[in-house]
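As written, the chain order gives the labels A, B, C and D, with residue 1 at the start of each chain.
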Amino acid sequence: MGVRFGLLGAGRIGKVHARAIAANPDATLVAVADPLDQAAREISGRYGCDIRTIDAIEAAADIDAVVICTPTDTHADLIERFARGGKAIFCEKPIDLDVPRVEACLKVVAAEKATLMVGFNRRFDPHFMAVRRAIDDGAIGKVEMVNIISRDPGPPPAEYITRSGGIFRDMTIHDFDMARFLLGEEPVRVAASASVLVDPQIGALGDYDSISVILTTASGRQCVISNSRRATYGYDQRIEVHGSSGMVAAENQRPVSIEVANAKGYTRPPLHDFFMTRYLDAYAHEIAVFIATVKTGGPASPSGADGLAALRLADAALKAAASGMTVDV
Amino acid sequence: MGVRFGLLGAGRIGKVHARAIAANPDATLVAVADPLDQAAREISGRYGCDIRTIDAIEAAADIDAVVICTPTDTHADLIERFARGGKAIFCEKPIDLDVPRVEACLKVVAAEKATLMVGFNRRFDPHFMAVRRAIDDGAIGKVEMVNIISRDPGPPPAEYITRSGGIFRDMTIHDFDMARFLLGEEPVRVAASASVLVDPQIGALGDYDSISVILTTASGRQCVISNSRRATYGYDQRIEVHGSSGMVAAENQRPVSIEVANAKGYTRPPLHDFFMTRYLDAYAHEIAVFIATVKTGGPASPSGADGLAALRLADAALKAAASGMTVDV
Amino acid sequence: MGVRFGLLGAGRIGKVHARAIAANPDATLVAVADPLDQAAREISGRYGCDIRTIDAIEAAADIDAVVICTPTDTHADLIERFARGGKAIFCEKPIDLDVPRVEACLKVVAAEKATLMVGFNRRFDPHFMAVRRAIDDGAIGKVEMVNIISRDPGPPPAEYITRSGGIFRDMTIHDFDMARFLLGEEPVRVAASASVLVDPQIGALGDYDSISVILTTASGRQCVISNSRRATYGYDQRIEVHGSSGMVAAENQRPVSIEVANAKGYTRPPLHDFFMTRYLDAYAHEIAVFIATVKTGGPASPSGADGLAALRLADAALKAAASGMTVDV
Amino acid sequence: MGVRFGLLGAGRIGKVHARAIAANPDATLVAVADPLDQAAREISGRYGCDIRTIDAIEAAADIDAVVICTPTDTHADLIERFARGGKAIFCEKPIDLDVPRVEACLKVVAAEKATLMVGFNRRFDPHFMAVRRAIDDGAIGKVEMVNIISRDPGPPPAEYITRSGGIFRDMTIHDFDMARFLLGEEPVRVAASASVLVDPQIGALGDYDSISVILTTASGRQCVISNSRRATYGYDQRIEVHGSSGMVAAENQRPVSIEVANAKGYTRPPLHDFFMTRYLDAYAHEIAVFIATVKTGGPASPSGADGLAALRLADAALKAAASGMTVDV
């Protein structure tokens, strides 16, 4: 039977988690809740789980843990509610777009001694995990400089941009978390540049689509992040970490690795074109780790504090880009 | 509900197929049969299917298709039996190690108009499929020369060697099938060299562990196959196809694609160390294609005739290696 | 006979240029000058040229052009002197470490209508040239973001650091020039972070060994530069340029490209371990372009103005790193 | 002054050697001989050497060594003549197309105790040398299997084919030498397949353009060679060697190593399109080794015996392809 799950939100990312739960031998998907009846029915039909309201899931004795995949502005409320209700909580990032609201939420989580894991899926990608493992194994000595390149195949729709909190809080936040995951020290200063190069409509909405960030830690370790909402060749996700005795890097992933050669040269196919196929294994492993955390009662990682720290870096980067000043965190 | 399956044989490869069937939304695993009670129970427990005898599966009205994963020397008998019983049949390669026995079996299949698909899993590997698609799309012009390198991480146990029919019928047979899949013409001549370089015990059993083969078609297309029972760096599976206007190649696969650089150089991890992880996607896709074949009633591919053709090439290669003559097929 | 050269300075870089001149069919190395007799004699003996004083070279009727490879603090004086003397001038970077001194020098060059080419050798590397050509050919559309990684195998001696003008003026200046070469627009803002991670002695001398820079142009194009005085795996020199319709990147270079695979994985040798072997072709091509410029009388590129522009970016980056403010150029 | 050279033959390959001699500080190019006056004058003008007749070079007291780059059918006569004349000899491959003629020639060389080095340039390619060094250093254990792929960008003109001795003696002979260089044991059996796939005119001349060969040594080591007169993507030259504890491979070489990525994928430029640019370093190193051999008086390698051994393999492969029999050497 294993950990018994309630899924809140049956949208795109909800389906990803439903599949991961259903395929995991240590978990059962008991119920799904979504105001859109059809979305809930699709998951219910596929995995044989109940359709229930959020209230019913909150009250359910046969549910141990919830996965929150609802819209961002409901996350903090739901976390507080289920923390108080005694369920273990996995919440998609971000907890909230507002730092004080996140802080308040985490106080409730702490007071209730609730288990809260935040969905920074990239920490569970097998390639990035291998990078971190190489660091932990001493393969590169002391970490000094990190380079992260994340580029999306194309910009999201305007409606998404409006509710996203802006590129730093929506997209770069994954890289801020990855920087913290790899640097081995907290960034204390942020410099940034932000432009609109891809889509003027993004600029019209007050957001950026192309950004560069430098993070610096207290001892002088540096992390450079480069983001764009455009990558014609697929979903570009690269990390390299330089240490005192070497370097470790994760390469990009493509669905098929063939090469065609002719008079024009040697051509390999584009990368994955979608974050869900790129991070399929990461999502499955992320849920597996959450399940293990719930079963053992150990501390969740990444935690609410990790979510908060990444959000603070995003806010600092936005301020740095706007002000032309390096911002202390 | 979809296609209802009986699984014959609950060993290593049986488990792979059980998982693929269970995960496929168009199929149901109804029953498993295995003389080893524990093996059957493991699959039954994991996927919630019945444990039945082969006789019961043959007689079952609630089973549409069988997957034969039993020892090689039972394949032909079981194929005939289930062909007569009106079930669709997926059979692991080889049908038999003896050409006349295969021919007799295929006559029964033909007479019964039974659906028989043979388990040449590599045809369903996404990378090799992409190679074939590139050829079909005209990316390299007319096929001229094919190079296939297949090297196992290590030799199998002596007991396996004894029952395997020898390296050509057991290991190279996959490459013979791949050559036929890619050459676009039937090989008509076979030259070969065979040695014992890896394990003297293999030689003591009358088999080889290192072989090279040249296949030639009627119009002069050539395929070179290189096999070894040893590859310290993992499961080495490469294909390249040269045509009149270009080349297409499939690269090796590794579980994690990171790179560590230091004073000794740049190091990437070894390849997959096992054919089951290397071909995980291929096995799933293979069963999906079989299911689609059963549902549509279309002709199975690879067919029994494909199994027979590959076996004939294996026999010819063995004869060529032993005699020092190029053998016509 | 071609262009007749006088070489000023017979040190490490002087030898590189002597060889390039001697091997070029359109040039003759007539004389070398160096206060160190042995250094001059080595070049004289190898290439059969005279040893003369700088005064004699200045006065010589049989010399058309000079290559200035003397210590940095003599560059501006020598440029002015030979500009007035009517010789074409190739000068190693930098013209001077002080912007007003460079400006004064360039006024003399302009007044004398002298030919002055500055030694930014990387513009002549065949790989980086191919990157630029791909941009010019429209292969990636409009340039948007540039990533430059330059890492030295190890830190220079303290004595060198002292006279170098600091990492931004000594090392990053090549990357500033490359950024200008590739961005297609002048940077107008500079953000930077600078640390001492490699060698505390460098910090004791008031310099840095690890830096990150963000350049932004008026239209928002961005360039990220990452520099370190340490790279255990060799001389790391990478460039990638992202445009509106694609990306072009230059890969690292290694002296031998083999790969060894075993149970530990796949290992390729380290990169070139020295800038002179890495950029051997670039140095030869650079001199060839200078010779062509002298023969045709066309404008030199990179020019004195390019040297000045890169120096201004270096000064701005230093100020940005020290002040924590984004600096306008 | 170093070794004083006479160059016999001022054609394409003669120019390559002239440049290598001229650039080598331990050698002087004293004279060139060629019946075509213009060819000789081109080299004489470029490197400042005399133009002399072959007779004059034979009689010259100021010449220590000759490089024979004349047509193939003159090689054996010239070797004998200069062996008797006491000059050290570097001869382009092959010594002759006829085994008995080569044997007779080598008897003269032995009787005269002459220094004779044969121009198998690939042994001096830095990448293939590194492969051999890795083997010698024990990086892959005991050699077991070698794979060689050599494909020319396009077929030579018919006139060349006519005088070439056929693909095995002209093209594959380099791979036979490389096989001997790497296998660590002499091949004793040859199997082969040969076709006309590229150019029917080659078939009309009685030659082949596409061949596959298997060499086997006494202990069972195997080498597979794949040749084609067509490779749309450039000059394809790959070697991989498998041993008891690992594998070492040399990658293909391209003049520029950039990569362009867009919606169609990631594209790297074609390989070198000509053997002279591909093997530029090899030719220079080859002459340097010959010079060192002449100066030290050590045994030449590759020797006349190496030339003969490769020719015997070529003859055996031709016989194997024509007869359909494995041929013992």
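One rule holds in what follows: a contact is a pair of C-beta atoms (placed from the backbone, for glycine too) under 8 Å apart; a residue touches a chain by one contact, two chains touch by 3 or more.
Here the structure is a predicted model, which means the values were calculated and not measured.
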item: Comparison of B-D and C-D by number of C-beta pairs in contact, larger one; value: B-D
item: Centroid-based (C-alpha) most distant chain relative to chain A; value: D
item: Intercentroid distance (Cα basis), chain D paired with chain A, Å; value: 57
item: Whole-Å gap between the CA centroids of chain C and chain D; value: 39
item: Interface hub residues of chain B, defined as touching at least two other chains; value: 232-233, 245-247, 261-263, 269
item: Contact footprint of chain C on chain D as seen in their complex; value: 23, 25, 46, 126-127, 129-131, 134, 139-140, 245-251, 253, 255-263, 269
item: Complex interface listing, chain B residues touching chain D; value: 144-145, 147, 149, 151, 189, 191-193, 195-198, 210-214, 216, 219-222, 224, 226, 228, 230-233, 242, 244-247, 320, 324-326
item: Complex contact set, residues of chain B against chain C; value: 232-233, 261-270
